[in-house]
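The following pair of complexes shares a single chain, chain A, combined with chain B in the former and chain C in the latter.
Moving on to the complex of A and B:
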């Protein structure tokens, strides 16, 4: 009788399959908890004490947010409240958001919540992309707050007749069909002034999230480097 | 300069961060934990088959 090969032995493959399935399960469960810890939102206390979180607390809307190339990580990272010596967030420099830079954690959370619900009810993702989810029919909104078109030298403030980034964005969101920005014009979605405020807060907060440099090459878009 | 081993650059040090530091890090890890135990299982099964006289 021919010698039986291990390769054609059932038990060898059963044990191999059991090992791989078991090990992969443990790894994936561990990965789930590791990820949820990393993507959980920070708090105002984190910002006050200068702790960099991947997703900063809601009061980040009180701070100036920039997007700077980080040599060590080889991609752009959000820099909140000015840059420290290590090239990361200093959490010092504030920036007024709708006239205030002292939004409390509760107020900011409420605005972000309104913005998130608004973005869902108006189905922004049907055309735009948020944090990698959505469509590419309209511009990627992940870092839209940092788009120089909305800045002091961009065209959007003049077009909407507003003098700040947040007011220009809020005005545009309420009457998008009045402002021809793109051949694929944004339709009027019936966004109210309050909802627009929430949506802009939502966008500002989203731009402060460390997405490991996603969307790739955002900083190489003309003028976007260093928030200019 | 491109060193063979780069310093860890992720936001927060994490085990999974170490697996994503380059194109080979995950591959080497998975081969280590999947293929090496397979050699061990192979040897055990071979010994068992020989013992059973097949």
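Moving on to the complex of A and C:
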């Protein structure tokens, strides 16, 4: 008589399950340590010394942010404060944010914190997507700061009658249902002037996060198709 | 609740859990209808019950009813598997009332308070604004206590009684399920870190621990409903655990493509998540194979009798085998590779997958467990279908499949116009929203949602009355 095969033995499969699960978990935990180090938020010192972080420090709001194609990585990356010879962030070119380009680390952190708390307490994610996650009832906010609609010639900025992007966004956030944007309007969420400022800082900061080229071609194509 | 045929306190508690679960299932569908209607009639309940609130209720009711039904399922099967009454059943009952009361308060706050100021108080007492796990922090702590109490009952019972393979899997799985919830409770200013840990809860629940739970429940169902051999069923279960955790744990990488995390997740996420449908194929084959085998043995005896002792429940278990494979497996695989996901991430396509996956993988089998409880509660040997069973099943399945098809079609124009061609801007988004495919897709989704809801009414009626029908073997 042939011996019973190990392949039909429950103990064998139980042990296999335990080993595979253990191995996958250990690998995940190890990768989590590596990723956590790479996604921790940068500081003002990083920006001053030209260190590019995947998630830059809050003082990134003092700089001009763009989203440019990078030849080496073959996708778009955030370019902060102008581009250097390698096609990455130069951290030189400043941009006024609510009239100032010298927000201290403490002030910028405070604004970002208010904005992030606001993004949660106002439930942004259950209409919009942030970094592509959330609901699909309203536009993605990942790079909203860079959206042409909010730029100097954009329809949204013109609609609010404000002269800068940040003021236009803050005005809209405080009184969204006053502006005829689309048949699907944003409701009034009781956002105060301070909270609106924080939310805009949060959006500007989010646009500086290196999202590996997502969303593809953001803001590069205008009127390429007749979407109707 | 008259439980005339139930001797086990654990099973009585299970019926309580199933009752609340079914109620919340109804609430999920109702708020889903509100949100679906808002796509078609944008002014509907504007600034009264906005889309964000309706959707939060829709997806939270979904998660919570499933957790209730999962707890109920475990309390139901424990006495059968271990051969003893569940240890700490009074604690279990107390926790049930705490859980139900907490959920009620959370829902009322969602509906009547909706949003708060941008501060920690809102996070503690209103909601956390994080999709699927919006529950405010006080409720998080409450849920943790309830989950730990539940796990304690399961462990004490499993260690005292006969610890079958199914119970062993559930013990390991449920402690991971409860523990993972802790990773989604803290606040951070860093949205990338926030979403990184948020996925530890969402992904490791629905694409790992919940799937293993389904494997264990399917194993129990096959043994109780068609008399499948425990040795075979439990071997399959261990193979499924191996495949589910082997692919699902690192498959988490497919959520780390675009949130600010390093590029190596492209390869890890692509490989392991591409493997995720494999165990679902295995589960599918397993259910149908065992059914054929058991019926074949019966046929060989010259008997023309079905081996199934609970027709409605078994129907839902088979639907689970199909739905899990199609919804989670195929619809998931459609957009799991980074080169595709770059364009599909965060579109109606994701929504199509979400609907069929949650329904196919979880709603189906949990409804099946409710029918098993109805059978036990009424002391029925063979539970047959009623007209309501057939209406409920056909309308719910038809409705969800219809919604999925509608959302998939809407998703194609969303992906191609908004993402691939227009680069995901504000203008691109609204151009896609205005396409015929998307506009009509949303109308069809609403209609199919109504079909699903009517099906639910039949289901509720059936669960309440099927036990009294005369066409069963008692």
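Everything below uses one rule, namely that the second predicted complex is superposed on the first by the 198 of 228 C-alpha atoms of A that agree within 3 Å, B and C clash if a C-alpha of one lies under 4 Å from a C-alpha of the other, contacts with A are read in each partner's own complex, and residues count from 1 in each chain.
We take it that a residue touches a chain if its C-beta (ideal position, glycine included) is under 8 Å from a C-beta of that chain, and two chains touch if they have at least 3 such contacts.
Predicted model, so just to flag it, every value in this text is computed and none were measured.
Engineer: Have a look at where A:72 lands relative to chain B and chain C in the superposition and call it first, second, both or neither.
Structural biologist: The answer is first: A:72 touches chain B but not chain C.
Engineer: Between chain B and chain C, whom does A:182 touch in the aligned arrangement: first, second, both, or neither?
Structural biologist: second
Engineer: Go through the superposed model and pick first if A:6 touches only chain B, second if only chain C, both, or neither.
Structural biologist: first
Engineer: Of the two partner chains, chain B (first) and chain C (second), which one does A:163 touch, if any: first, second, both, or neither?
Structural biologist: Touch status of A:163: no partner.
Engineer: Considering only touches as defined above, state whether A:104 meets chain B (first), chain C (second), both or neither.
Structural biologist: Neither: A:104 stays clear of chain B and chain C.
Engineer: Which one hits more chain A residues, chain B or chain C?
Structural biologist: Of chain B and chain C, C contacts more residues of chain A.
Engineer: Pick one for A:140: touches chain B only (first), chain C only (second), both, or neither.
Structural biologist: Once the two structures are laid over each other on A, A:140 reaches chain C alone.
Engineer: Using the touch definition from the top, say if A:41 reaches chain B (first), chain C (second), both or neither.
Structural biologist: A:41 contacts chain C only, not chain B.
Engineer: Quick one: is A:16 in contact with chain B, with chain C, with both, or with neither? Answer first, second, both or neither.
Structural biologist: both
Engineer: Looking at A:211 after the superposition, I want to know if it touches chain B, chain C, both of them or none. Which is it: first, second, both, neither?
Structural biologist: The answer is second: A:211 touches chain C but not chain B.
Engineer: Do any residues of chain A touch both chain B and chain C, and if so, which are they?
Structural biologist: Residues 9, 16, 20, 31, 34-35, 38, 54, 73, 210 of chain A touch both chain B and chain C.
Engineer: How about chain A: which of its residues touch chain B in the complex?
Structural biologist: 1, 3-4, 6, 9, 11-12, 15-16, 19-20, 23, 30-31, 34-35, 38, 52, 54, 72-74, 210
Engineer: Report the residues of chain B in contact with chain A in the complex, numbered from low to high.
Structural biologist: Residues in contact with chain A: 7, 9, 11-12, 14-16, 33-34, 37-38, 41-42, 45-46, 48-49, 54.
Engineer: What part of chain C is in contact with chain A in the complex they form?
Structural biologist: The contact residues of chain C facing chain A are 35, 38-39, 42-43, 46-47, 50-53, 55-56, 114-120, 122-123, 126-131, 134, 165, 168, 187-196, 198, 231, 234-235, 238-239, 241-242, 245-246, 249-250, 252, 255-266, 268, 342-343, 345-348, 350-351, 414, 417, 419-435.
Engineer: Considering only the defined contacts, which chain A positions touch chain C in the complex?
Structural biologist: 8-10, 13-14, 16-17, 20-21, 24-25, 27-28, 31-32, 34-36, 38-41, 54-55, 58, 73, 109, 112-127, 129-140, 142-144, 147-150, 156, 177, 182-185, 187-192, 195, 198-199, 202, 206, 209-222, 224-225, 227-228
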